[in-house]
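Sharing a structure with you now.
Labels A, B and C are assigned to the chains in the order they are written; within every chain, residues are numbered from 1.
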Amino acid sequence: MRKYLYIFKSEVMTNMQYIFNLLVGFISYFILIFIFLNLWKYIYSDSNELINGYNMNQMIWYVIITEILWMSLGGRKLCRKICEDVRGGNIAYNINKPYSYIGYILSSHLGSVVVKGSIFTILGMLLGLIFLGKFPHLTLFSIIIVLITSLLATIINTLFVIFIGLFSFIIEDANPFWWLYSKVILVFGTLFPIEYFPGIIKTILSYSPIYAVSYGPAKLFVDFSIPNMVNVIIVQIIYLIIIYVLCLLIYRKGVRKLNVNGG
Amino acid sequence: MLTVVKNIKNQLKVSFLTVKYALIREMINKTTFLTNITFMILNDASFILQWIVLYALKDNVGGYTFNQVLLLWGIAAGTYGFSHFFFESAFNLSDTINNGKLDAFLVQPKNVLISTITMSISASAIGDLAYAYIMLFVFGFTIKNFLLFTLFCFTGSLIIVSIAIILGSLSFWFNKSDVIADTGNSLLTNFATYPDGIFKGITKILFYTILPLGYVAYMPVQILSSFNIKLFILVISITIMFITLAVITFYRGLRRYSSSNLMIART
Amino acid sequence: MNEKAIIVKNLSKTFRVKEKEKGFKGSIKSIFKTKYREIKAVNDLSFDVDKGEILAFIGPNGAGKSTTIKMLTGILFPDQGTVEVMGIDPKKKRKKLAYEIGTVFGQKEQLWTHLTPYDNFKFFGAIYDIDDYTVEKRIKELKDMFELDEFINTPVRNLSLGQRIRCEIVASLIHKPKILFLDEPTIGLDPVVKENIRTLIKRMNKEYHTTVFLTSHDVGDIEKLCKRIIIVNHGQIVLDDSMENLKYHYLNKKIVEAKMKEKVNLNDEDGITILKDKGYNLKIEVDTTKRSVGDAIKLLNPNNIIDINISNIPLEDIISDIYKRDK
């Protein structure tokens, strides 16, 4: 475990050097939130109104949280890297190293997400305060829970990206699958809470990974409740186990294929 | 006068060949080429879902009907499509300048700016164009609509390409400006797909000044919905103004071009 | 006949170079406050080139060669001084100049790599407004001269480096330029290919009377091709002379290398400089104005010599000597 912590730490240090680029990257985030602020202000012409159980402030905070989670993930770059590792044969060098490839990628990627995530969180909170004037109802306990579930969400999300990237063992280019995944998360997971979708879609979404990687933490931030918390954490743990096992399976299968081909 | 016509003819011939050869280059790998196009169409289409959800709440968002939002999307996609198909390299101008890649065009007897911004094309832009015209069909296809739509996609693309040229030309003066150029370019596309009616005050002023989306997307939607000759002339003149501004900025900067002789000295 | 192809007077160009401090702190600092240093890449340069001449324009890295060549071809704006290439000021009439010159930059490719050389040549024909009939004729002519027959229909990316550079040269000759600028044309090529390129350049110069302005680090290029040489260092000309003169200055110095039976103890004395002394192997420089080579051999004792080699100082050494002297 210590070696993964070390990998994580050195990645954090490296990423600290690119803070300027992160700050410029925040501009896109700012614009997005700004657009949504205007959009929801327009739709909630009466600000006391509730739509699908949310008031205007909650809707905007929801987007603030889901976009922090999504934008700090940097999934496209990670997927590309894994695809290249697989296709370029880089992965073969990792087989006989004393750490697991999945553990290595996960810990180094989390290192970069943590730096970006922290900066985006601080700036995102400030932005929300400036735009809306107040936080949703928060307690120390709920903040801690939101942080924990956000971390879990990021780990699950990263594992999903790794899983998709490792798909290039089987098909030539896994990037289109990543693209599909990102579209689904963006459209169904970041812009609206799942309550906004009609009947059957809503049911499907509440069992989908979106519940674990996006909706969960954001929902707990804007509308905390103990039953919700229990729900989110259980779903997250189940998904964590499922996706980790899937990663292991595809990795083993892929490595066997590599050995057969002689690397 | 005759030589001017001849020069323009020759320039067009070279530009046509450049686009043709760049297209051939993109098509070398057929699967990637087709996937890029298909996925771009799907990508653009996926955003319809967002609007279906919103229009389920209200039948008018920012003064736009659902059909008008689709048309807005169509114009945005068409603008993006034209600009990235013909002028993809305008969006990488910083890089071209910083790496001294203008040299090759500076020793040729053709227009440097045109050669520079037409040297590559983007395959996925074809997907955007396809999507744009699908949206036009959904909105209502008439010959008049088709002509106006195409014209506005083109003027729009000339405006955003002009802005890309101005932002990219900053690299003649400052060498870290590429990040600014990238952000500026993506900023424009972010706004272009939302009805302007949801924005108020200062933002609206921005849309008709330094973030000229008003002329790229909002006015064209208005004109297509009900024709207005004044607005039409305004859009055309603003386009010409932006092109002029871009050309001036580029050639001003070109005098400072250092052909990547800028080394970073470490002390 | 003795018209000038290039006239350069008091040419100067200064670059502002960013100074960056090391490490993380330095990067942060440089965001807020950037220090600049001025570097005179070209400093008050004056020279001219005759029509039909092959000129070597050489100097160590960073001496200002590329900057000069870029000002001559209209890529860079000079800060001071005047340039005239075929009577045209590159600063004012860039396009007009472009029809008169051809350029090959060894490290920058101008060809489309996914197209065949033939398609590329046609493309260049269009750039220079040449009609189809003329282009075809010209391609055929150059194809024969540069021996491109085998691969004129193979995509450029599948060609070897030597074949590519030949195509680059042909592409820059499509419009019959009066001057050809060659910047490091043989970089990265093997000796046989280098020799081949040199022969072709020479042949082209002879047949079309194209003026050739050559920069190269390869002494072979210079020795085989050029009659005149200009050496620049720190942005200034340190030598402008004919190849013959240059060699003649150094011809009165000979290098004597000898393999001995027994060790000799030799010291520097008038007219003799010891370059290497490994006991049995000896390398000395003899200044023949002060001492004859025979004398030097006598000093070594002819009976003691197993093998001996007397040679001129290689051009390479002459040049690096000039570079060093300038410091």
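Definition applied: a residue touches a chain if its C-beta (ideal position, glycine included) is under 8 Å from a C-beta of that chain, and two chains touch if they have at least 3 such contacts.
Treat the numbers as computed from the prediction; the structure is a model and nothing was measured.
Farthest chain from chain C (centres taken as the mean of C-alpha atoms): A. With centres taken as mean CA coordinates, the chain nearest to the overall protein centre is B. Chain centres here are Cα averages; for chain B and chain C they lie 43 Å apart. As a whole-number value, the distance joining the C-alpha centres of chain A and chain B reads 31 Å. With centres taken as mean Cα positions, chain C sits 56 Å from chain A.
In chain A, the residues that touch at least two other chains are 20.
The touching residues of chain C, when paired with chain B in their complex, are 15-22, 37, 41, 66-67, 70, 73-77, 94-96, 98-99, 101, 103, 105, 108, 110, 112, 114-115, 119, 123, 126-129. Listing the residues of chain B that touch chain A in their complex gives 32, 35, 39, 42-43, 46-47, 49-50, 53-54, 57-58, 61-62, 179-180, 183, 186-187, 190-191, 194, 197-200, 203.
Only residues 20-21, 24-25, 27-28, 31-32, 34-35, 38-39, 41-43, 51, 173, 176, 179, 183, 186-188, 191-192, 196-197 of chain A touch chain B when the two sit together in their complex. Those residues of chain B lying in contact with chain C across their complex are 6, 10, 13-14, 17, 21, 24-25, 28, 100-104, 106-110, 175, 255-259, 261-267.
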